[in-house]
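In the two complexes that follow, subunit A is the common piece, with subunit B as its partner first and subunit C second.
Let's look at the complex of A and B:
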């Protein structure tokens, strides 16, 4: 348990205000249920996602530096981002600003022109929603608070690309027992197992869903997602738990597309880990936004006495 | 050569003789397949430098051709012709004509960063893929790829308002690439969701498409970003020996 994560700055990002709305809702509800404070960054901007870096990587560094500067100005030393894309970009900016003079120069120049204080690396640490719950509450804390165990629910935990790669931007990972692993991440497994779920051995936890090209190269994305879905089913999973809005909506969209375009139907349900944890703590399915998911999971959840 | 790289030899360069004896040795049939010898004379000696001058390509010179990138590659598993190690080799050797054979698939890199994770030499192969895709487009070898259109639509909105709105991005992207917005699978997706969503949230999402989400006081940032984009585009074109005023 880390007292400092009791109150952190919150960077929801654009996806959580749109297609990832259910993730935003369930993250906030989960925080409330656990007595953790989230203070949203004032007047934040988009992190640049997977696209701005392809125009020029240093533009992405600037966009994230601006958000980190906001957290610093608000007096926070920790910002929590539930979206893998936002989380990754803030981490990448922190790394590049600390190690690359060119990135520093561009971020400083753009900050000056934009009329705000430039950000100096090392002032603010970015954490993921998984770090937040894992550190602030932990498995034991979850175990004590479970009111509606996920017992019997078989879950494949899917972490995607941006949570662990490339590893050099995540200096706190791969630091031995207790730390997160970049090759075989387990924080989500740990938390959901503490909530009673049976986490299946899922070899594709860090495989790619093709999220960057979900619309521009849809057939490739559908193939990649179909592989994730059929493998999860082969591993015996009822549910794929996600921790990224892009992965989540990619899985949902291409599950439908695989059926409509390739004629391949899969049944596995897709839920945010925050929704699953929230329901385990006794929140209703509606409260954690299960009805806002494209993947219709209410029948399964009712059958398991959840939601 | 490892057998999985046999796909790199083009069929027209393979010679198999039904009946052939060389110096008294029978070399007939499949087991004695020859590779046609060839002489390459048209190198582009500037190719590596040009790729290295574009963002992402900076560390291409470090590559020692271990193949970890291709071995870990997400797209290679779907399409074996997508081969980062091979393209890095061609670029470093200046074999531009060979590279151009694959010009239409380089953009398909999904930026999963498995290559960058696996690379023992910190080449940043993911960046090299993006630099190569830019190079192909800047040199006029390919039209803008769907992904490049998507990047421009997306980044354009971020630069303009500080935030994006997904519905607007989809509409602009489909418009630019000439695709219908009402695709079967999208309609099915939206229909399923709309039947379950509460009116309040639907209204909120609908309003977001009219009143675009934006970062307050973004004006100066917008100017600074626009200036920087123009500056970088000119620098990129200059590095490739192109007229600084492109069509962008």
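Let's look at the complex of A and C:
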């Protein structure tokens, strides 16, 4: 167990207050069950998501810098963001503030205008929920705490695109044994395997789901998601585990749309990794928000003695 | 086959991959090396189509022993959004290698089908990008659309320039 991750600042981001609420609930419940403290950032703001970045990338850097400044002012040197978009944007802001004078100048100017201290790169480390559990508890810690093993449950782990790309904003990855890989990420596989699951080889674990075009070009998104789902099934998976609210919603929604529009039904279930780990630790399905998912997994979970 | 690949649309590629996926195990296993090579070539064809659509001459060079990877590298030059399919290309090579190194493996047919699914993802992604140029642009690539404006002379930039920073 890494003491420095025992208590971290928590940046849920907008999605976890909306469509990704089950992820918020299960992350908090999992933390509680593991004896880890999450302290939510006070008065946090949107990270700029994809929309602000698209219009004004330096404004997006400022928005994330403000959240990092809040964490620093609250006395934290680590902030945990479970959403891939938030995680990506905080990491990108850290990188841009360290390497781009123009980004620093805009962030400083907007911070003065907003009346708060400007954030200086290097003060706060951003981690993902996967880093948090992997470093603070680790596989052995999970093994020791499992009450309802995920044994027999075949899982395809889907990391999406923003967890590892672009590589240069994640300097801690690809650092050899123990570190995360940008080409073949494995932290989610490691943790769920420690909880007893059988993680299948899934060749599309970082492939594009077309999430950004889900409204403007729904058919392309649906076809990409359908291929992710059918490939997971071909790999033998009962469940696709996710670690991003955007990926999760996209997989769930386009699973339904694929059946309606293309007449192709898939049976694989979609669950957050925090929900799966929580249930493995003995938390009920309701406690980790399975009822808030669109993907109906109750029958599968009951059959496996989970929830 | 190789001569006709360049003319294939993403839909043609997906249709051929569907045929491969529907073939019986015995048929796939019997022709495993040839089918695996065809799937790899279909991946190259879809990358060629992207490059040709952008006025580039597809390279005949290889990267790490594979033209597919060299074509991907060529497509990603100056366009980080294209890295969204980097791992998909590498997975395609991996599945080809599985067959090449052990064509008689009991799971050869399954490996071919998975390789076809990976190739289909590549075709869908690039097909999507050919229709909607921004696909993958503002999520994983971290390149904002505005960067194109920043390279343009000030007069050509949108009116919103720097208003929020004033």
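Here, the second predicted complex is superposed on the first by the 307 of 307 C-alpha atoms of A that agree within 3 Å, B and C clash if a C-alpha of one lies under 4 Å from a C-alpha of the other, contacts with A are read in each partner's own complex, and residues count from 1 in each chain.
Here is the rule we use: contacts are C-beta pairs under 8 Å (C-beta built on N, C-alpha and C of every residue); 3 or more make two chains touch, one makes a residue touch a chain.
Everything numeric in this text was worked out from a predicted model, so none of it was measured.
The superposed arrangement places subunit B and subunit C in clashing positions on subunit A. In the superposed model, A:213 lies in contact with both subunit B and subunit C. In the superposed pair of complexes, A:223 makes contact with subunit B and with subunit C alike. Contacts of A:106 after superposition on the shared chain: both subunit B and subunit C are touched. Counted by residues of subunit A touched, the larger count belongs to B, out of subunit B and subunit C.
Touch criterion met: A:260 reaches subunit B, while subunit C stays clear of it. Contacts of A:66 after superposition on the shared chain: subunit B is touched, whereas subunit C is not. Once chain A of one complex is fitted onto chain A of the other, the partner contacts of A:54 extend to both subunit B and subunit C. Contacts of A:165 after superposition on the shared chain: both subunit B and subunit C are touched. Within the three-chain overlay, subunit B meets subunit C in a clash at only one of the listed stretches 80-88, 152-160 or 170-178, and that stretch is 80-88. Subunit A residues 50, 53-59, 106, 109-110, 161-162, 165-166, 207-208, 210-213, 216-217, 220, 223-224 lie at the interface with subunit B in one structure and with subunit C in the other. Against subunit A, the residues of subunit C that register as touching in their complex are 80, 83-88, 90-91, 94-95, 110, 113-114, 117-118, 120-121, 124-125, 127-128, 131-132, 134-142, 144-147, 160, 164-165.
Those residues of subunit A lying in contact with subunit B across their complex are 14-15, 17-19, 21, 43-46, 48-59, 62-63, 66, 106, 109-110, 113-115, 161-162, 164-167, 182, 207-208, 210-213, 215-217, 220-221, 223-224, 252-253, 256-257, 259-261, 291-292, 294, 296. Residue ranges of subunit B in contact with subunit A, taken from their complex: 55-56, 74-75, 78, 108, 110-114, 116-117, 127, 130, 145-152, 154-155, 158, 162-167, 170, 173-174, 177, 184-185, 188-189, 192-193, 196-198, 201, 205, 208, 213, 215-218, 220-221, 223-225, 227-229, 232.
Per the touch definition, subunit A reaches subunit C in the complex via residues 50, 53-60, 85, 88, 92, 106, 109-110, 160-162, 165-166, 169, 183-184, 203-204, 206-208, 210-213, 216-217, 220, 223-224, 227-228, 230-231, 234-235.
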